[in-house]
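The structure's right below; bear with me while I get my questions together.
Going in written order, the chains are labelled A, B, C, D and E, and every chain counts its residues from 1.
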Amino acid sequence: MTAALRTQGLSRSFGALKAVREVSFTLEPGARHALIGPNGAGKTTFVNLLTGALPPSSGAVYLGADEITGLAQHERVKRGMTRTFQITTLFPGLTVLESVVLAIFERKGIAASLQTRVANRTAEIHEAIHIIRELRLERDAGSVTRSLPYGKQRLVEIAVALATRPRILLLDEPAAGIPAAESGEVFGVIAALPREVSVLFIEHDMDLVFRFAERITVLAQGSILAEGTPQEIGADPRVREVYLGDEAARG
Amino acid sequence: MSVAFSLPDARWRAAEIAFWIATGLVFFVFPSHLVLASQVLITGLFAVSLDLVLGYAGIVSLGHAAMFGTGAYVAGILARNGWGEPLSGLFAAGLAAAAVAFVTSFLALRGEDLTRLMVTLGISLLLYEAANQAGVWTGGVDGLSDMQVRDLFGVFPFDIRGRTAYLYTLAVVFLVFCAARRVVHSPFGLSLRGIRESPRRMAAIGSPVQRRLVVVYTLAGAMAGIAGALLAQTTQFVGLEVLGFSRSADLLIMLVLGGAGWLYGGLVGAALFLVAQSLLSRLNPVYWEFWLGLLIVLVVLLARGGINGALTRVSARLGLARRQA
Amino acid sequence: MLSALPGVLFDGVAYGSLLFLISIGLSVTLGLMNFINLAHGAFAMVGGYACVVATLRYGLPFGVALVVAFAVAAIAGGVLERVLYRRLYGRSPLDQVLFTIGLTFMSIAAATWVFGSGQQPVRLPDTLLGQTRILGVDVGIYRLFLIAIVFALASGLALLVTRTRFGARIRASVDDARTAAGLGIDVERVFSVTFTLGSGLAGLGGALGIDVLGLDPTFPLKYMVYFLLVVVVGGAGTIVGTLCAAMVLGIFDVAGKYYVPWAGAFVIYALMVALLLLFPRGLLRRIR
Amino acid sequence: ADPIKIGLIAEFSGPFAAYGRQIGTGMKAWLKEHGDTVAGRKIEIIERDTTGPSPEVAKRLAQDLITTDKVDFLAGFGLSPNALAVAAVATQGKTPMVIMNAATSIITTKSPYIVRLSMTLPQVTEPMALWAAKNKIKKVYSIVSDFAPGIDAESAFQKAFTAHGGEIVGSVRVPLKNPDFAPYVQRAKDAKPEAVFIFIPAGEQSVGFVKAFAERGLRQAGIQVIGPGDVTDDDVLEAMGEPTLGMITTHHYSFAHDSPQNEAFRKAYASVSGAKQRPNFMAVGGYDGMAAIAAVVTKLGGKMDAEKAMEIFKTYKTESPRGPIEIDPQTRDIVQSVYVRKVEKKGGQYLNVEFDRFPHVKDPVKEATKEAAK
Amino acid sequence: MADLLEVQGVVAGYGESVVLEDVSFTLREGGSLALLGRNGVGKTTLLLTLMGMTRLHKGTLAWRGEPLAAVPPHHRARLGFGWVPQERGVFPSLTVDEHLEAIARPGEWTAARVYQLFPRLVERRGHFGNQLSGGEQQMLAIARALMVNPTLLLLDEPTEGLAPVVIDELVVTIRKMLASGRMAAILVEQHARLALQLTEETLVLDRGRVVHRSPSRSLLEDPGTLDRLLGVA
């Protein structure tokens, strides 16, 4: 079976700094895969390379069997790869409903249409409302994104991403800013996505990582330090040293 | 469905209908100011076209005159060379302006706001110089003065009071406005607003941002070209200033004055600016700029978001008052 | 033709210096403060008129008149900042454009009222007139003087902005005024001082520019394209960038006029478009 | 009786504000001197600002003035495009239109209701070529602004000059918006001519040129400046000052023109303008235009009739502050003396001092067309 | 002696809209307070109100007995407020070094000490604010607030985006500083347990009101109440 997403020797430098070095990585179909690592290890940069937001210095990205290294960002989305942003990146002046509907339009290829009116697209609006309900945002559907508290905006990030109905979902610290009690639920929604959807998420909250990840890759200084099941990673002394630290200190 | 779930629908509101009826009534109420009224409508249309690009897609341009001027010259040159039928002239002008917009969009849409501002300005200034050089076609600085515009539908001549011109302009402006309105309420319009709010996010939901921008720039270009052609046909003269810096700059002022991202902002802004200019310069032909400047400054200080902002706030106040009552 | 090259280069640098001088105030207000101050030319004009009045009516020497020009424009800027500009900082760029255009209109009419619509004379001191020979090239003394001033100003400002705590505070305040204030930066004062400095520089540039550009009430609009051009091509936020842009544009413009005069009007605009396409963030822009 | 209304359409704001001010003040100077009642009717001037070169505004103003204000005459017009755009309105509205400055040759051909009391550019340029050729200037470098009037001036000069044995050693057209003349002047200097022919619109452009001319040491190199009088426009001459000394120009009016008419005009002008500024050729255009209108109204006995008015204009002839002028009945364009002047400093003032003259000059372009038609 | 900070009946919000309704509490010198509550209940708004960045409709704020309401934000920083904003507010056009220099005030925290706390930042000291990873930005936001040498540290979700090892370091440091008694802190945290362990006292907010107030230790020992207070409605 081919991998859902694969990289081959992927690298990216910023000037003298090698943020990502020679990463060869595989995301299996239906995976629930966590990417962890110290701050500045290159996780976000790696996701940016996957989505085409940044061009790599060298190396290749494959989606299924196809190489997509040079493909434009929006083309990759069309092929089913969607991401959320670590630093919230939304449509500040649109309402939550509009944001989600827009993403659905783009997915269905009618976002460039001049034929119909937005208000008449009941099917898309209903679908949007469904997603919004799932993330418990229904009270805020009519609010302008800008006026929402930070935590709600994090949920909108996810709602917009889900609306593109991705086959591969890349989440950059999706639970940041969401209270511990609720972040579990958010991950519940993600975990409950159909198995065709492969999920790669970056997360610093180890409770969530160990609860939801089936496989973990640890990135450090731009390279893969370790990869394995949660048990393997949790027990890996190198990972403990550079990343996990001494659990006791946190109690 | 609860209020939170409704999207702004595209039905014509009473205020909108009243607005257009009022523009029609101008014909009867101000019969001696029809020339000014047509120029307001034409400039308003030009501003609406900028609104699509600036107010909706968030692309600032200081060179919108490039398309306006192209339209004006195409209509003018056609009419001078025996093709004086106005409607087909309008159509040709719109096409030509769209072509210019399409070609230049690949330059104009790169970079950040300030870069775009200057690139668009540069393009229009280059066109200005080109028109100055191509004196054989354009008449250079002296302008194009031998236009022979035929009677509208072969029946209605363009008279000195500007009656035909006004009705013709009103009809064309209304139709083009309806088209713009349609664009704004379509999914395409929503995606433009998405681009304005965050191009990065748009790309991340799979939107070909650049292509969308090219499309809207071209559309707006066609509209600007039609506005230019209307001006040429109704004044029967084309001067170099149709491509000038102040044409673009004044346009930006009018649009912001009226409120961008609202569609009516362009029309309202043009009316306010041109009528104020006309009245003030009658009162004092030399120092009127001072009062116009003061008016602008006051609008900015008192009404955030232009006239639109002021209206929204006033109606919110009224709404609040009503609820409390 | 080629033998004229050193002369052309010198003229280009001199013209670039002039462009830099008339734009430097804007480079501060727009580039550093991120405030789209289209009324920049009005401050330059204030400086110009101050210089004319100082030299002609009060018979002050040119050097003193320059100081007066700086001071008058700076005071005007400082006062306007307190009363008006301050309210516009948080507003959208379009509001700023509109507001400052309004001010520009007012300044034009006011200048016409006070000084009439005609050109103003300037008398340079004799020491700055005429040409001198340097390395076999005839160079205008006034141009030489401009170049010297420009390099002094540019390096001073660049040091201020990139090397001092005040420079960092300006940039912090512009990036995020709220956070800056929350960290103890007196944002209002930083902006006041910077704006006053920018206005003063505009006035100085205006005064130095009259000899070549002339001075009449339409100055603020007439040269607006040039100010914007230099600042944007240089890249907002860098003094050195503005200097580079002014020099590149100056040299190419002069060389174009000298060697391909038939293309004269196109050179500077085409160059601007080309440079902006090649360097969409300006020649020297801090990577954002 | 009702007043006679004159709609004055001119540039009162923007970069060309000086035009409107000069023309308007010139008209008022005439009224000041002769009183504002003609043939029993008061003269009323309605001022309207075109805001600069804006044909559509000019046209709108003209339509407004004719249909709403019911003016009897249109007047003013500093810039050619504004005049050209209004021409059709004058015809449609059957209203005499008096051009007081705009100098493009073709204007008067655009409507039978147009009469011009200013000048045409070729009219004042050609004599320069003749004078230069006669006065042993053989090699000339030409600099003109790159727009229609500039090109008219260039071709008028070059044609006449080469026809009389002169040689053009180089020519260049400078962009209209051009802050720095140094490279062009340098080029001219490098071509080593005996004189530089210059035409640029009056105002800051001439300031820039004159500065560059002085700085580049052309005078020291023995190079003479010649051209139509715009470059040494009386209105900016003081502002340009010393470097203009010795420049030779041809024009139809000089502030320094020595005649009782001009003396009276200067006085009237000063009393209207408050002595802040000098009258220049545009002011005299306004003054003469006003005089012509008054003469027409007088002849009509105060009863306006556009057709008859035009007939009277065609035979108009007078002694103006600029010298003798008359209207060519065939072209409705002005026929006048063109003077050769040199900038000198007299009594602390910089003046265009007239020292030679070409009498009875017509617009050479129209003359050439007439020739060709024969 | 007056308390360090006294908040009385505060009603505050943005423009016309009111977010905080009647909030009161006090904080002693060297004290520490955890601020908990679900998304959008007004935790950030409360910190902003302390910084003088919201509209105070009603109520009083006092700093060591002196009224605070009229003091502009930058003066509060000089009084000793150190603020870590929720969205970090790192300046894109300042380098890491410049961030620290631009706002430094004399005291025990110097650039050198801050770099010791976050060694990661040393390697990035020449980078501009927007060339940092999310976690690095967070470190910088904290480091910057320390450079003010605050008497009262306001931390709005400071651990967001930080790697576990870094959080450990940070927790140790803050604990040490609190223990020294020279600095007080108000901590907003999504990880309630972490916040409770660090602080003496806890406020729980709901829809702009204080719905619970107790020593942190007692909440820590009563997970049932904690869940009820923070649990999903």
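Definition applied: contacts are C-beta pairs under 8 Å (C-beta built on N, C-alpha and C of every residue); 3 or more make two chains touch, one makes a residue touch a chain.
Given the structure is predicted, the values throughout are model-derived calculations rather than measurements.
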{"item": "Partner chains that subunit A and subunit B have in common", "value": "none"}
{"item": "Chain located farthest away, centre of subunit C as origin (C-alpha)", "value": "A"}
{"item": "Farthest-lying chain, centroid of Cα atoms versus that of subunit E", "value": "D"}
{"item": "Where subunit B and subunit C are represented by their mean Cα positions, the distance between them in whole Å", "value": "32"}
{"item": "Centre-of-Cα separation between subunit C and subunit A, whole angstrom", "value": "47"}
{"item": "Distance from subunit E to subunit C - Cα centre to Cα centre, in angstrom", "value": "43"}
{"item": "Subunit B and subunit D, separation of their C-alpha mean positions in angstrom", "value": "37"}
{"item": "Subunit C, residues touching no fewer than two other chains", "value": "108-109, 112, 221, 265"}
{"item": "Multi-chain contact residues (two or more partners), subunit B", "value": "129, 132, 246, 286-289"}
{"item": "Multi-chain contact sites of subunit A, meaning residues that touch two or more partners", "value": "none"}
{"item": "Pairwise chain contacts, counting only pairs that touch as defined", "value": "A-B, A-E, B-C, B-D, C-D, C-E"}
{"item": "Interface residues, subunit C side, partner subunit E - complex", "value": "165, 168-169, 171-172, 174-176, 178-187, 237, 286-288"}
{"item": "List of subunit A residues in touch with subunit E within their complex", "value": "14, 37-45, 86-88, 148-152, 172-173, 176-183, 185, 204-206, 242-246, 249-251"}
{"item": "Residue numbers on subunit E that touch subunit C, as the complex places them", "value": "51, 53, 72-74, 76-78, 81, 83, 85, 89, 91-94, 98-99, 101-103, 105, 128-131, 144-145, 148"}
{"item": "Contact set on subunit C toward subunit B in their complex", "value": "84, 87-88, 91-95, 97-99, 101-110, 112-113, 221, 225, 228-229, 232-233, 236, 265-266, 269-270, 272-273, 276-277, 280-282"}
{"item": "Interface residues, subunit B side, partner subunit A - complex", "value": "3-10, 182-183, 185-191, 193-194, 196-198, 200-209, 212, 215"}
